[in-house]
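Both complexes below contain chain A, partnered by chain B and then by chain C.
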Partner chain A sequence: MAQLILEAIITGILSGAVYALMASGLTLIFGVMEIINIAQGALVILGAYLSYALQDKFHIDLFMGLLLTMPVMFLLGLLIEIVLIRPLKRDRTMLSILVTFAIALIIEGVLGVFFGTNYVQLHSWYIDSTIQIGDYYLSYIYIFGFVLSLILLGLLYFLLYRTKFGFGLRASMQNRTAAELIGIDVERVSAITFGIGVALAAAGGMAYGATSAFNPASHLDLISRLLVIIILGGMGSMKGAPIASVVMLVIEDVTSVIWSPVWANTVFFALLVVILLVRPRGLFGQLESRKQ
Partner chain B sequence: MNKRIVFVFALVVALLLASCAPAATPTSAPPTAAPATSVPAPTTAATATQAPPIKIGISLSLSGDFSADGMAFQQGYQLWADMVNKNGGLLGRQVQLDIVSDASSPDQVQTNYQKLITVDKVDLVFGPFSTLLTKPSSVVANRYGYALVEGAGGGPSVFTQGLNNVFDVSLPVANNLTSFVQYILSLPPAQRPTTAAYATEDDPFTQPQVDLAKQQLEAGGVKTASYQVYPAETTDFNPIGDKIIASKAQVVVVGTLLPDFTAFLQRFRQQHYNPQAFIATAGPDQGDAFTKAIGGANVAEAIMVPNGWYAGSNNPGNADMVKAYIAQYGGTPDSISSDVPEAVSVGQVVEQAVTKINSLDNAKLIAELHSGDTFNSVQGDVKFDSTGQNVAALAYLFQWQNGSLVPIFPANAAGAVQPEFPKPNWP
Partner chain C sequence: MKAVRITGLIVLGMLVVAFPIAFPNPAVTTIAVFTVLFAAAATGWNIFSGYSGYIALGHGVYFGLGSYAIALMCQDWKIPGGTIPLLLIPLAGIVAAIFALPFGWIALRTRRHAFIVITIATFFIMQLMAYNLRPITHGSAGISLPLPPPSWTGNVFNIPFYYSALAILLFALLTSWWVRNSKYGLGLLAIRDDEDRALSLGVNTGPFKLVAFVISAFFVGMVGALHAYFIGSIFPPFAFDALFDVIVALMAFLGGIGTLAGPVLGAFILEPTQQYFTLEFSNNGYYLIIYGILFVVIILLMPEGIMPTLQKYWIKVRSSGNSGQNEPEEVEKKNKKTAVLKAAKGEEKGQSHETA
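Up next, the complex of A and B:
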C-alpha cells in the first residue's frame, strides 16, 4: 500500500503540473480582466487538436509543434479579446461568462466539423516509453510535461515580475482604474494577457492530449476542474493555481488508492469547503485588495 | 451604442452556432445504392413518393460525452431509412427522420422527445444512445402512448420501471460478458486463470455487466484480486490502473467506454503489466476510432470485447448493410462501429412490426412487439420478453488479431477463429 500511495503522490504532482499550465492561463485572465473565461477548457482542447493535426499531417513532434501552436493561439486570444471581450463595458464578469461559453460551443462545433467526434490521443515515443525507478515505471511524457510546465510558468513569472509589461500587468491586476490613471494602457495589457492565457492553453492542451483521450466535447469536464483549481488557489492568484492543481490531483489520487475512486472527488470537495470556510478567498486570493 | 454592439455580437454568435451545430434537423432520407431489407417492399417507389412521409422522431447525442456513439447511431438510422425508401418506403410512404441533438444530457433528451411528439407530431419514435438517456426517454414516450424501440439502452434499470412501451433490439446489457466468462471457464484447469481484477464506471451500461461477470467468475473459482467502481466524471485513471497492476491479476475486466479504456491500456503499457486476458465492455468495438486512439492496431493484439454483432456474421441483411455502409460512408468492414447495426436493427424491427399490423398506431405496435413474434435483424433474431428485453440475442466474444476484430466464441459462430491466449506482451 505504501508503494501505491507513493505512486499516487508522484502521479498527482506530475499530472498537477499539466493542470497548472491550463489553470494559470485562466487565473491570469481573471486577475487582469476580471472575466471568467469559460472557453479556457475548449481552448485547451483546441490546442490539443492543433498538436494532433501537426503531428498527424506534417509529422511534427508534439513539443516542437508548440513553437507553432502557441503563437497561433496567442493571436487567436488577441482576436477574441479585441472582437468579443473588449466591447463588454458593463457587467463584464457576468456577460463574459455567456460570451466565453458561446466561444466554447463554437470551438466545439468547429472541431467536430473538422475532426469528428471520435476520441483521439496524441502519440509519441516519450508517451509509451518509460524509465524504471525501483518497481515503478515512469513515462517520459510526465517528466517532459512537468519540465515544460516549470519552464513556461518560470517564463511567465519572469514576464510578470521582471519586465515593464509585467509591472503594468500586475498594476492592472491590483486596481484597473488606478492603473489607467498612471498611464498604463490597460486595454493593451488585457489583450496581451488574454493572448498569453490562450497560448498557455495550447501548451496545456498538448500535455493533456498526450496523457488523456479527448474529443471536442472534452472541454466540459475540463473547465469544471479548472474553475475548481483557481477557486482553491485564489481567483487571480498566479501562485495559487499551480499549488492548487497539485493539491487537487494528489488528494484525488491518494484517496483513490487508499479508499475508492468514488470518494476521490468527495474528499477533495470536502477539503475545499473547509479551506474556503477558513480562507474564503482561497489559498492565495487577493480579492480584498482588488476591491479598492 | 452598447446595445447595438451587444445585438450585433449576439447575432454573430447565433449565426456561428447555427452554422456549427452538428445536428441535422430534420433530415430527409435521400435514396442511395442500398440493399433490400429483410422485409419485402409493400408498394412501389412511385406510390411512396405521392403520400406524405412517415415522420420518425429521434433524439441523439450529437455533442457531449456520447457524441461519437450518437454520430454512429445517426449513420445507422439514416442507412436504414435509405434502405427502406429505396425499396418503396414503409406502408407505401417515404420515411423521414426528424433527428434532434440532446448533447448527451438526460434533461435535454426528455425535452426533445416531448417536442418531437407534441410539437413535431412524429408518427413513431426511435431510441437515443445509452441506457442513461433511454431511461428518461421511455418515460416521456410512455406518457404519450408511443412505443420506444431502441438499440443502446439495454441496462437493467431501463426494464425495471414498470413500462410496457420500451423495447431493446440488442443483447441485454447484463449478459454481455457471459460469453467471456464461458470462454475463461472452458479453458483446461492448467491454463485457466485463477485471479481477476475489475474496474468499472458507475454507469448503468457498464456496471451490471462487470458485476455479473465477477459473480459468475467467482462461482467458477476465479478469485477477485481487485474490484473498483469509479464515477463518470473521473479524468485521472492512473491510480485505478495502478491498483489493478498491484493486484497482479491474471484477468482484467473493465467496464469502460473508449476514453477510459484508452487510459487503462496506456497505464498498463507504461507499467509493463501484461494480464493473460484483457476485456472491456466497450471501446475495442469502435473499429478505426479505437486503434487510432490507442496508437495502432498492433497495440490492440489479443484485446477482447463482447458484442451482439460483427461485420462477418451471416444474419439476414448483414452483408448488404455492410456493403451499403461502406458505399455511403467509406472505410472497411472492421471500421464500422457496432452502434450502426444497433440502429439499423431498430429500424428493421419497427419496419417488420408496422408492416405486419399495417398501421402506425402505437398501441397496436406495442401489442405486436409484445406478441412473442420473432423479428429478423442484422444483429440476429429479436424476440421481446414481457419487459421489452431481447431474449433471442446471442452474446459473441471478439478479439483483436492481426489488426482485425474477429469472433472467437462461441466456437461455432460464423467465421470464428482460435482465441489468442494468453495475451502477448505489449509491443
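Up next, the complex of A and C:
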C-alpha cells in the first residue's frame, strides 16, 4: 500500500506540472487583464488536436510540433484579444466570461466538424514504452512532460522577472491605471499576455493529450479543474498556480489509490471548500482591494 | 402614459395566455413551454445577480437539484403522472433553496471574480455527485418520471405544462418586481453599486445577499422540476447542464441585467432561436459554431442589453424634441422627462458601478 501511495504521489507531481502550464496561462491572463478565460480548456484541447493532426498527417514528432503549434496559438491568442476582448469596455469581467465561453463553444464546434466526437489519444514511442523505477513502471511521457513544463515555466519566470517586458507586465498586474500613467502600453501588454497564455495552453494540450484520451467536449471537464486550481492558488498568483496544480493532482491520485477513482475529484473539491472557508482568497492570493 | 403602459401590459398578458389556443401545433407549443420556462429561470437568476451585481454562473446546480428532487419524490412516493407532479414543483423549488443556503453562504464569503469561479466550481461538484451517488441518483442511467395520463396527448399535451410554466414566470416576475421596489431591493442595489459603502451605511450585506441567492435558487429549482417532468427523464449531464449556467446569464444580459423585463425579453429572443438551431443543425458541430458566433455578436453589439439601450434612446428622443417648444408644453414635457429619467435611474446606476 505504501508503495502504491508513493507511486501515486510521483505521478501526481509529474502530471501536476503539466496542469501548472495550463493554469499558469489562465492565472496570468486573469492577473493582467482581470478576465476569466473560460476558453482556456478549449484552447488546451485545440492544442492537443493540432499536435494530433501534425503527427497524423505530416508525421511530425509531438515535441517538434510544439515549435509550430505554440507560435500559431500565440497568434490566435493575439487575434482573440484584439478582436473580441479589447472592445469590451464596461462590465469587462462578466462580458469576457460570456465571450470566452462563446469562443470555447465555437472551438468545440469546429473541432467536432473536423475530427468528429470520438475520443482520440496521442501516440509515440515515449508514450507507449515505459521506464522502470524500482518495482514501478512509468511511461516516458510523464518525465518528458514534466521536463517540458519545467523548461517552459522557467522561461516564463525569466520573462516575467528578468526582462523589461516582464516588469511592464507585472506593473500592469499590480495596478493597471498606474502602469498606464508611467507609460506602459497596457493594451499591448494585455494582447501579448493573452497570446502567451494561449501558447502555454498549446504546450499543456500536447502533454495532456499524451496522457489521457480527449474529445472536443473534454474542455468542460478541463476548465472546471483549471478554475479550481487557480482559486486554490489564489487568483492571479503566479506562485500559487503551479503549487495548487501539484497539490490537486497528488490528492487526486492518492485518493484513487486508497479509495476510488470516482471520488478523486470530489475529495479535491471538498478540500477546496474547506480552504476557502478558512482563507477566502486562496493560498497565495492578494486581498481584494477596494475599487474606486 | 401610465394608461398606455397598463393597456399594453394587459394586451401582452392576454396574448401570452391565449398563445397555445391560437397556435395549437405541438411543435410550436413545445418551443413556447421552453421559452416561458427559461424566461422564469432568467428572471429568478436576475433577482440575485441582476440586483446585487454578484454574477452567479452555477445556477445549473439548482436547476439540477429541482429536477432530481421531483424525480425522486415521484419515484419514492409512487406518484402517478398527471397533475400531482405539477403540484410538487414548489416543493422541489424549496429543496433547491435549502441546498442554496450553505452553498450561497460559502460562495458569498468571496467577492467579484472569486465568487464567479466558486459558483462554477460548485456546479461541477454537483454534476459529479449526480454521477457518483448511484444509490440515490442511479448515476448515468438516470431516472424516469411518471408519464402523464393518456388523456394528455396530441395538441393538449403541452397545455398544462405551458400554464404551469406561465404561473412560475408570473410568480417570479411579481417577486422580482417586489424586490425591485422594496427597501430590501434598494439594499441589494446599494451592494451592487458599492458594497463597502452600503455596509458602512447600515445595510446588512451578508444576509441581504444570501436571501436573494436563496430566492433565485428557489425559482430556478422550480423551473428545473417542471423541465424534468416535461422531458420525462433526467440524466446527470442534462439535469446539471453547463450550458444552462451561461445561457441564463446571457438571456439576462441580452435583455438588460438588473431590469424587470430584460431577462424575459432576452429569453423570448434567445430560446426560440436556440430551439430552431437545435432542430436544424443538431446532427453536427455547426450548431455550436453558429450559437457561439451569435453569442459573440450579441455581446459586442449590445453590451448593455436591449432594455437599457432602448431607454437611453427614448430619453434622447424626448430631450431632442424638447427644444424650441411653447412654454406650457415644454413644462409638461419636462415633467414627463423627469419621470422617464427616474424610471431609467436604476439602469444608469448599473452602468456607473463599473466605471466608478
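Everything that follows uses one rule, which is that the second predicted complex is superposed on the first by the 284 of 292 C-alpha atoms of A that agree within 3 Å, B and C clash if a C-alpha of one lies under 4 Å from a C-alpha of the other, contacts with A are read in each partner's own complex, and residues count from 1 in each chain.
Here is the rule we go by: contacts are C-beta pairs under 8 Å (C-beta built on N, C-alpha and C of every residue); 3 or more make two chains touch, one makes a residue touch a chain.
A quick note: this is a predicted structure, and the numbers were derived from the prediction, not measured.
S.K.: Overlaying the two complexes on chain A, which is it for chain B and chain C: clash or fit?
M.R.: After superposition on chain A, which the two structures share, chain B runs into chain C.
S.K.: Please work out whether A:Leu4 is in contact with chain B alone, chain C alone, both, or neither, and reply first, second, both or neither.
M.R.: A:Leu4 sits against chain B, while chain C stays out of touch.
S.K.: Of the two partner chains, chain B (first) and chain C (second), which one does A:Ser139 touch, if any: first, second, both, or neither?
M.R.: Only chain B; A:Ser139 stays clear of chain C.
S.K.: Tell me the contact category for A:Asp253 with respect to chain B and chain C: first, second, both or neither.
M.R.: A:Asp253: touches chain B, not chain C.
S.K.: Considering only touches as defined above, state whether A:Leu277 meets chain B (first), chain C (second), both or neither.
M.R.: Once the two structures are laid over each other on A, A:Leu277 reaches chain C alone.
S.K.: For A:Gln121, using the defined touch cut-off, is the partner it touches chain B, chain C, both, or neither? Pick first, second, both or neither.
M.R.: After superposing on A, A:Gln121 lies in contact with chain B but is clear of chain C.
S.K.: A:Val267 contacts which: chain B (first), chain C (second), both, neither?
M.R.: The answer is neither, since A:Val267 touches no partner chain.
S.K.: With both complexes overlaid on chain A, does A:Ser212 touch chain B (first), chain C (second), both or neither?
M.R.: first
S.K.: For A:Val113, decide between first (touching chain B), second (touching chain C), both and neither.
M.R.: both
S.K.: A:Ala102 in the overlay: touching chain B, chain C, both, or neither? Say first, second, both or neither.
M.R.: Touch status of A:Ala102: both partners.
S.K.: Pick from 6-14, 294-302 or 348-356: which stretch of chain C gets in the way of chain B?
M.R.: The listed stretch with clashing C-alpha atoms is 294-302.
S.K.: Name the residues of chain A shared by its contacts with chain B and its contacts with chain C.
M.R.: In the superposed arrangement, which is not itself an observed complex, chain A uses residues 84, 87, 89-90, 99, 102, 105-106, 108-110, 112-113, 216, 220-221, 262, 265 for both chain B and chain C.
S.K.: Which stretch or stretches of chain A touch chain B in the complex?
M.R.: 3-4, 7-8, 11, 15, 84, 87, 89-90, 99, 102, 105-106, 108-110, 112-113, 116-121, 123, 127-128, 130, 136-137, 139, 211-217, 220-222, 225, 249, 252-254, 256-257, 260-262, 264-265
S.K.: Report the residues of chain A in contact with chain C in the complex, numbered from low to high.
M.R.: The touching residues are 30, 34, 36, 84, 87-95, 97-99, 101-106, 108-113, 216, 220-221, 224, 227-228, 230-231, 235, 262-263, 265-266, 269, 272-273, 276-277, 280-282, 285, 288, 290-292.
S.K.: Quick one: which bits of chain B touch chain A in the complex? Just the residue numbers, please.
M.R.: Residue positions touching the partner: 2, 5-6, 9, 13, 16-17, 19-22, 62-65, 67-68, 70-71, 104, 202, 228-231, 233-236, 238-240, 242-243, 246, 258-259, 262-263, 266, 269-272, 286, 289, 292-296.
S.K.: Would you pull the chain C residues touching chain A in the complex into a rising list?
M.R.: 55, 57, 106, 109-114, 116-118, 120-121, 123-125, 128-129, 131-132, 196, 242, 246, 249-250, 253, 284-293, 295-296, 299-300, 303-304, 351, 354-356
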